[in-house]
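Just below sit the structures, each encoded as structure tokens.
Two complexes follow with chain A in common, the first pairing it with chain B and the second with chain C.
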Partner chain A sequence: MDYPAVVASITKIDRRFIYLLVGLAVAIPLLLAHQAEVEPTEESMAFHAGVSTLGEGDVVLLSTDYHAGSASELNPMVRAFATDVFRRGARLVVLSLNAQGTGLVEAEINKIAAEYDRTYGVDWVFLGFRPSTPAVILALSASPHSLFPQDFRGNELAELPLTAHLNGYRDFSLICVISSGATAQDWVIYGHGRFQCPMVAGLSGGIGPAFQSFVDTHQIAGVLVGLRGAAEYEQMLELPGEALRALFAQSLTHMLFVALIVIGNISLLATRWIENAMR
Partner chain B sequence: MDRRIRIVVLVLGILAVVQFFVPHASGRWVHQKLLDWLVILESGALVAGIVALARHEVLQFGASGGRARIYPLLTLVGLGAMIFSGILGPINERSLFGSLYAWLLQPIQATMLSLLVFYMASAAFRSFRLSSAPATILLAAALIVLLGRVPLGEKIVPNISLFSTWIIRVPNVGATRGLWIGIGLAGSATALRVILGIQGPASWKGR
Partner chain C sequence: MSTDPSILIPAVVTLAVFSILYRENPVFRAVERLGVGLAAGYAFILIVRTGLIPRLSKALGAPFDPSSVLLLLPLAAGIGLVMSAVGHRTQLARFAVAGAAAIGAGLALPLLMQALVLSQMKASMVPMGLSSVVGFNALVIAICVLTTMAYFSFTREPTGIRALFAISGLYTLMIAFGATFASLAMSRITLLIGRFLFLLRDVFHLVQ
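Moving on, here comes the complex of A and B:
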């Protein structure tokens, strides 16, 4: 066998073949709709424990600060969180510190609210988007009425039963931030740091590790990271959904990455070994 | 003009710092007013950004020829469609704005981010190599985290998640904590430079 030629052909593999493998690794598990099983991490269990403290009538602030690109891993978190809150009889005030977040969450929460027979204005309200993240977080320490005179649907906040008497963070039992960017850091600094609001977070996989230090210091009580975090939460709630289905595709893609890295390095070492042997 | 801007920045900056330590109602009132103004100014900046983008794309359309004209044209049409559908109609999932958002913007953005996976796979095969000691450490850490973060990895290599969790909780936290502290110190230093007027007036004008 012509070993140098074999090794050279592996090293020069067409990138389109790699793209095809990635496509198959993602598409096949999604088409098979296989549900993964996952062992919850301590951080995810702490997130769930944070939500478990909520009781009937408690008010929760949910900030959905992400764009459409992160929706596949963060939308399942929002769905599971809203379901968890409504199941406990708590109420939800939702806002977005990313302009694109408004289009992503309203419809999702609307569906879940209808499923649990929750009334808009009484059990949940969507405030919409405001620019300037730190200013909005700080301003919410007082009545939200000056910053949000109307909700996303154009209702006067002072006339809605849920928001008429809201008077800042002391009225929220929990803050949940679902974020794909730096807004989670602003919530830690300005929301928790200054007003000591109990806080949990759902973060995209790319930024999750950067926030581990805030979990260790208990500035964030619990955190869900990426699609795996969403899948763990779905499993803890016994609410199998999109994240548990997509996790198998993510697993296979990770395995493909590992295989590509290993094959790439073996071919490199083999090339070096052959070159040395031929000298 | 520059002098007046410096004085306004100095007074407002000191006011914002002082109110933090004054729990009196007047301090809170000042704080709330400053925050209201900040949100108003940022909303104005958004409008200025949209105008600047539209102007840039119109100029690009005029300057470019042939097929290259399609890109500024698409940007302008997209910008106009989103703005006018939002202003003229309601904003909900059944409206024109909601449909443009759900059926165009959302898939486009999701596709853009998803494409990264394909390029990362190709780059991992070609470039993630045992070329030096630091690269080898990085490679080992990447393999452990890739395997340890998914259920299939745990089945293939039992207890690998213990190692990946250690990497995320210890070396990762050490590095990111250093970064956060550095960012905090640099941010405070820059804020002080702006408040005290050390930062040159040219930078205030965005030059």
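Moving on, here comes the complex of A and C:
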């Protein structure tokens, strides 16, 4: 066998073949509908513990600051969080600091509210979107009415039972930020930093590691990171959903990535070794 | 297979985006521009409909409210910035930028120091040692901070022990970047799973 040619051919595999492998690694577990089981991390358990402090009638502010590109990993978090809040009898004020978030979130929460027989305006309200994150966070400390005279559906905030008497952060028992970008850090700096609001966060995988330091300093009580964080939360709530279902596909794809990296490196080193030996 | 247009249109767009995996093509370029344009257009309409128009109607509409006149100031600043963006530089734009920068800096600096520097320093000040996990973590953090700072110290050419420190700092950075990159890759795979789930479940009804 011509070993040098075989080794060299491995380093020159068509990238489309790798895309095909990744596609199969994603599609096959989804078709098998295998439900993964996960061991919750300390950060996810702290997130759950933060929500567990809520009682009947408490008001929670949920800021959904993400775009369509992060919906796959953050929508399951929003669904699980809204379910958790409604199960505890707490009430939800939702806003979005990303314009696309408005289109992604309202329908999801509306569906869950209907499932738990929650009434719009009494048990939950969707404020909508405002630009400039720090300005919005600071302005909300006084009263949401100045910044959002009307909700996203055009109702006067002063006329809705849930929001009529809201006066800034002191009326919120918890703030939850579900974010795919820098807004989560803005909430830490301007929300927690200035007003000491109790905060939990759900973050996309790309920004998750950067927020570990805020958990260590207790600036954020608990954090869910990426699809795995969402899956852990679903498992803690005994609410199997999209995240738990997708986790097996993600694990298999990761294993494929590791295998490809190992094969690629071995073949590269082997090519160099053969080249040196033949000189 | 679904016949609902609200499912079929995103399905066709998803497949058009996936076509880039085979090779560059005009269909991909068209949906790429469609995506960017839709996102920008949606944000623009949202800001105008829910922010600008209700506030303008409050400032300019009857009955006259003197406190609403203040809302005309940010409107004027905004017009100045737009004029500047289209090539007509005005003093108004300078005032708008200066005002935004000054207010931003004034608000941000003390809070940034508190949230990103002082809180982190306070949390790092724990006894270091090998007898507990917290102490060991503190030791690792201290070593990583010092070695990374050594890597970015350009006053003199690093030699001997300083070179060892600098190289250790480089490895610290690589580990940190590697963790972030791996997490980002995980995030991107989740997006792919989301699209596959949409195609298999909502479009082709192959899974429940």
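Some notes on this structure:
Throughout what follows, the second predicted complex is superposed on the first by the 279 of 279 C-alpha atoms of A that agree within 3 Å, B and C clash if a C-alpha of one lies under 4 Å from a C-alpha of the other, contacts with A are read in each partner's own complex, and residues count from 1 in each chain.
Heads up, the rule we're going with is that a residue touches a chain if its C-beta (ideal position, glycine included) is under 8 Å from a C-beta of that chain, and two chains touch if they have at least 3 such contacts.
Because the structure is a prediction, the values reported are computed rather than measured.
Legend: residue contacts after superposition of the two complexes on their common chain; A:Leu239 is shown touching neither chain B nor chain C. Of the two partner chains, both chain B and chain C are touched by A:His67. Contact with neither chain B nor chain C is seen for A:Ala270 once the two complexes are overlaid on the shared chain. In the superposition on chain A, A:Ile261 makes contact with chain B only, not with chain C. In the superposition on chain A, A:Ala249 contacts chain C only, with no contact to chain B. Once chain A of one complex is fitted onto chain A of the other, the partner contacts of A:Ala8 are absent, as it touches neither chain B nor chain C. Contact with chain B, but none with chain C, is seen for A:Ala107 once the two complexes are overlaid on the shared chain.
In the superposition on chain A, A:Met45 contacts neither chain B nor chain C.
Of the two partner chains placed by superposition, only chain C is touched by A:Phe129; chain B is not.
Across the superposed pair, chain B and chain C both touch chain A at residues 19, 22-23, 26, 67-72, 100, 102-103, 130-131, 138, 152, 209-210, 213, 216, 226, 228, 250, 253-254, 257.
Looking at the complex, you find that chain A touches chain C at residues 16, 19, 22-23, 26-27, 30-31, 33, 67-73, 99-100, 102-103, 128-131, 134, 138, 149-150, 152, 188-190, 192-194, 204-206, 208-210, 213, 216-219, 225-228, 242, 245-246, 249-250, 253-254, 257.
Of all residues in chain A, only 13, 15, 18-19, 21-23, 26, 36-39, 41, 67-72, 100, 102-104, 106-107, 130-132, 135-136, 138-139, 142, 146-147, 152-153, 185, 209-210, 212-213, 216, 226, 228, 247-248, 250-258, 260-265, 268-269 touch chain B in the complex they form. Every residue of chain B that touches chain A in the complex is listed here, in rising order: 28, 31-32, 35-36, 38-39, 41-43, 45-46, 91-93, 98, 101-102, 105-110, 112-113, 117-118, 120-122, 124-126, 128-130, 139, 142-143, 146-147, 149-154, 156, 161, 165, 168-169, 172-173, 176-177, 179-180. Chain C contributes residues 21-22, 39, 42-43, 46-47, 50-51, 54, 58, 104, 107-108, 111-112, 114-116, 119-120, 122-123, 176, 179-180, 183-187, 189-197, 200, 206-208 to its touches with chain A in the complex.
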